[in-house]
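One structure follows; several queries about it will come next.
Each chain gets a letter, A, B, C, D, E, F, G and H, in the order it is written, and its residues are counted from 1.
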Amino acid sequence: MNVLGVVVNGRSTSVQRGSTVADLISQLTLSMQMVVVEYNGDPLSRDEFSSTVLGAGDAIEIAQMVGGG
Amino acid sequence: MNVLGVVVNGRSTSVQRGSTVADLISQLTLSMQMVVVEYNGDPLSRDEFSSTVLGAGDAIEIAQMVGGG
Amino acid sequence: MNVLGVVVNGRSTSVQRGSTVADLISQLTLSMQMVVVEYNGDPLSRDEFSSTVLGAGDAIEIAQMVGGG
Amino acid sequence: MNVLGVVVNGRSTSVQRGSTVADLISQLTLSMQMVVVEYNGDPLSRDEFSSTVLGAGDAIEIAQMVGGG
Amino acid sequence: MSDELIIGGRAFGSRLILGTGKFASNEAMSAAVAASETEMVTVAVRRVDLDAPSDPITAHLDRSKYLILANTSGAATADEAVRLARLARSAGLPPWIKVEVIPDPRYLMPDPIETLRACERLVADGFVVLPYIHADPVLAKRLEEAGAAAVMPLAAPIGSGRGLKMAAAIAIIIEQATVPVVVDAGLGVPSHAAAAMEMGADAVLVNTAIATATDSEAMARAFALGVRAGRMAYRAGRAPEYTAASASSPLTGFLAPIGH
Amino acid sequence: MSDELIIGGRAFGSRLILGTGKFASNEAMSAAVAASETEMVTVAVRRVDLDAPSDPITAHLDRSKYLILANTSGAATADEAVRLARLARSAGLPPWIKVEVIPDPRYLMPDPIETLRACERLVADGFVVLPYIHADPVLAKRLEEAGAAAVMPLAAPIGSGRGLKMAAAIAIIIEQATVPVVVDAGLGVPSHAAAAMEMGADAVLVNTAIATATDSEAMARAFALGVRAGRMAYRAGRAPEYTAASASSPLTGFLAPIGH
Amino acid sequence: MSDELIIGGRAFGSRLILGTGKFASNEAMSAAVAASETEMVTVAVRRVDLDAPSDPITAHLDRSKYLILANTSGAATADEAVRLARLARSAGLPPWIKVEVIPDPRYLMPDPIETLRACERLVADGFVVLPYIHADPVLAKRLEEAGAAAVMPLAAPIGSGRGLKMAAAIAIIIEQATVPVVVDAGLGVPSHAAAAMEMGADAVLVNTAIATATDSEAMARAFALGVRAGRMAYRAGRAPEYTAASASSPLTGFLAPIGH
Amino acid sequence: MSDELIIGGRAFGSRLILGTGKFASNEAMSAAVAASETEMVTVAVRRVDLDAPSDPITAHLDRSKYLILANTSGAATADEAVRLARLARSAGLPPWIKVEVIPDPRYLMPDPIETLRACERLVADGFVVLPYIHADPVLAKRLEEAGAAAVMPLAAPIGSGRGLKMAAAIAIIIEQATVPVVVDAGLGVPSHAAAAMEMGADAVLVNTAIATATDSEAMARAFALGVRAGRMAYRAGRAPEYTAASASSPLTGFLAPIGH
């Protein structure tokens, strides 16, 4: 299989084997500048997005800053 | 005429000529013990009810004690 | 007698007969611009100071504006 | 030596070797009914007073109930 | 050790005055009056509805137990207040009157000028006069000088139940008064009544808070307890108030540190 | 119609708990305790002064009438609180403990972390635990989950007599609690106690306000009345509060204008 | 977008009126008046001390910048107030007068009867009349009907600095008034002034709180900001008040639980 | 004469911190932030809605003007708070974090135990930590000892707009703190913010009251003025508060009686 399953924001998602976090962000039509990513419970810095290759079952949280008090 | 007009609690009312305030109270099926009467702007004591003869155009207020703070 | 007695701010004071309110103010080393005067219970405007001749027993109140809330 | 030193309510005190907590309370002219005792950091029930033999250096707290909120 | 309230030369064992308006029924009213242990109740004077006459409230009140204090509610002027007072007296009630002169139908605030005028006339006419007033210390003083037997400043708007909103002014009235001060209107719960008494008020008048409670009889009893609590505390001498804390247990610190 | 307070499975007829500190004498304390009609009193544990021993306070309290609730005052840590609790129990008192862990000598505010820790340990050790806390709703909830038999939020700093300064937070505690809420510390007069009960508190603890009143026995009685008044009002169903006024006498207006 | 205060047909850019009494010096007074950006200041009328005459306060105030509003302080009756008003006018000041009629030297509360009487006479005599009153809604209404250009209810006793103790009554005055309401007396800090403006008051008058502050000039500036803050908030439309909480951050909950 | 607020070694010219939640639009938020003259704004971290992604709030905030302070809202435990803090930092924001740990969805009160735990870990991890807490003086002290850069006690439940309900406890926190005290949550109008500053608070955080005002930009400006007013008054040295009155005009009495 060239495809593997990851969980993004609680939802099962398929990505191409070998995809990075940056690829995932593109696939979701998001912009890297606008989001923060937690990868299996740990935050990634932006320069790790391109170097972090996804594995089957990875848990990805894509978050952003919103209004808050 | 054997009848004359008085105003009782703001309402025109006919009474027999010679009627007293006590008669009026009876005619209205009220009890003397239960009311107080203002006759042309002055209060009447109860023992004046029988001696006060009504005249044409007299203004009678028949009032009573009600709940109040 | 060339002198008569008036009461200024509650104190008996002698002035020359014929003195005006303006004269009295000078005699007290006050300035007309700085005071207001009540003459026998009525306020005088400033232009009346020179024309108001004092009589025996006149009551003069000399007041001014002070700080107040 | 027939005497050994203990610390009672923070104060060095001599007792006869073989003395019990009950003996100490008597020696201090206190009444057993009126006090509670902590023996080396642990509370003693009253029926342990007579069976608990003091050793050198023991820390005894003798306390009681007082007014409080 | 007696602690009676004296108004107009008459002694009252209770410092709670009850209003009789707004109860669900005459029975509920009577039960609440009894439960409150009051000795003075207020009533109003109104035209009989000739189409549907009903018992007067006084038929449900034992005059040997309670002083019936008529009020002049409905009056917007001194003249009207005087008429109502005289009419009430003609019912054979004692010549006591709670003067209310209220021009404003929304906040039901009394008129100081007309109230003073009505009191002067009613005092001259032999009444024992208890004016209902805004919590105005100078007005209270003037009414006292005019012969009022007591003054009845409001705690908050009538029926609002909001408590001692006018506390700062009522405190001055109490300090300066030589006649009894009865806090009237706006007391919503027994703690409000107790607080008024703790301030040194001589009595309180309560109506809406009792009459419109779910269980008016129990609420009457609760107010009776609250008034007694506040009065008793006032006489017992309150402990001073502090900004900082002050331990209620001894501050001698803990037992010795363990680990010798 | 019974309205008992149940804490730790035990029923109390009175909702006023009395502290026994700061009284002028043991006699004054006993008289106030009796006058208050309380069924639970608090005491502290302190080292005997070996140079001048005196009676324990318990010699002046009839244990058949009152539950003696020892507190852990003097403790600044959970460890110290546990030691004091165990020591108190060794006196033969029932295993009930009011947990106080207070590091700050000026405002005498309790430590939330150490209090929770002490409660966890004492619950495990079989105590009926009543923690004294700042009026922190989440802490109250966590203590309840840890097995506290009641929570005792402070109204204001101990001994300050300033009343329900923390009312907004206490209201939340009451709304959320499944164990009894005892308002403790800072109540200065019976109206404060009544107000706490009207809010729905299950009981109040009072010490300084009674012990330091000029007449402490009368003040105890006044608080007893105030607590009953507040509780009774809570159960009677308070009338709603309004911003505007609402007449207590009928608003049908005055009699007819004169002048026909 | 202009938001001027209009009193007696005259527009004012500032809603803070300053009293000039009690300053440490004329220089301190002038500096505070300047810092406050006020356009109206009050002064009193007093006998000259013939043994030690001094400058009138007006010598230290630029009449082109400030309306000088004389008050009738010292008057205990309507007659005295009228005399003082007329005397002030004879100084060449504009015919504006703050009517104060105060019989009581301790709490300095105004007399409602004499104040109304004085206002009626001074209005008839052509004055622009601003009466200082207890926060009595009916009196305020009567003064308005008598031609008062504004009403000046007190927040608390003069000089007490205790803030909006009469808030409940002032709110009613504001709701009912058709002339400007100037909250006067008792405001101790800028938050008090801001709160008055947030309630909808048209202006405030401050004296003691500024004059007796350690740094009166800075305090004048602080009050100026507070008044502007309160007015601006009033116009901006306050968010409603809630009993419960309402999150300011989104309540969508936490990220997913870790541990797949 | 400079009066900067120093937190975590950084100086701020404004003592008003703005929350960015609940605005009608990003434009309204930006306008209010600008009008407030703040230098620190709070934001939250939330999952992107993958079905409807939108701009992050930071796209609408100029980071050169404002310190962006992320909060941990949404966290119910220390672990969750730490995760959110670290995630926020990964966005390239400065390592500042407002710690909020809130288990209760109704009153949104913070958990003292978990908050302390989260702060200890985040301080160790190099964050500048500002915990949002109940107004508990001992907790504030412990957080300070744990390395918090400031403490943020709540005035009243978040979003309630009820003002300084916890004033008595906040006053103690301010008196005892050696780090800045930022009053957070529940401030409804500028007078509340001014009052917090007059008490000696170092700063305030406001969100709902501005975001949900009818004119949020004007309300932001009003709060800015209120905070400055309160701070300036605090520094100017408030005049003491009195129970009795104190005349602002001289008390030398009236002119002489007429009638010679």
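By our rule, a residue touches a chain if its C-beta (ideal position, glycine included) is under 8 Å from a C-beta of that chain, and two chains touch if they have at least 3 such contacts.
These numbers come from a predicted model, not from an experiment.
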Task = Give me the fewest steps it takes to get from chain A to chain C if each step has to go to a chain it touches.
result = 2
Request  = Using the touch definition up top, find the fewest steps from chain D to chain H.
outcome  = 2
Task = Could you see whether B-E or A-G has the larger number of C-beta contact pairs?
result = B-E
Chain C and chain G, separation of their C-alpha mean positions in angstrom = 34
Inquiry  = With centres defined as the mean C-alpha position, give me the chain C-chain H separation in Å.
reply    = 62
Query = Counting in whole Å, what is the centre-to-centre distance of chain C and chain F, each centre being its mean C-alpha position?
reply = 72
Message = Measuring centre to centre with CA averages, how many angstrom lie between chain B and chain G?
response = 55
Key: Contacts with two or more other chains, residues of chain D listed in rising order   = 9-10, 38, 41, 61, 63, 66-69
Message = For chain G, give me the residues that contact two or more of the other chains.
response = 19, 21-22, 44, 46-47, 71, 73, 83, 87, 107, 109, 157-158, 162, 185, 207-208, 247-250, 255-256, 258
Task = Give every touching pair of chains, nothing left out.
result = A-G, A-H, B-E, B-F, C-G, C-H, D-E, D-F, E-F, E-G, F-H, G-H
Inquiry  = For a test of understanding, state which residues of chain C touch chain H in their complex under the given definition.
reply    = 7, 9-10, 38, 40-41, 57-59, 61, 63, 66-69
Task = Would you mind writing out the residues of chain E in touch with chain B in their complex?
result = 19-23, 29, 42-48, 50, 53, 55-59, 68, 70-71, 73, 83, 86-93, 158, 185, 205, 207-208
Query = Mind pulling up the chain D residues that touch chain F in the complex?
reply = 8-11, 28-30, 34-38, 41-46, 61-69
Request  = Flag every residue of chain E that touches chain D in the complex, lowest number first.
outcome  = 247-250, 255-256, 258-260
Note = Counting only contacts in the complex, chain F reaches chain H at residues 103-104, 107, 109-113, 116, 134, 136-139, 141-142, 156-157, 162, 165-169, 172, 176
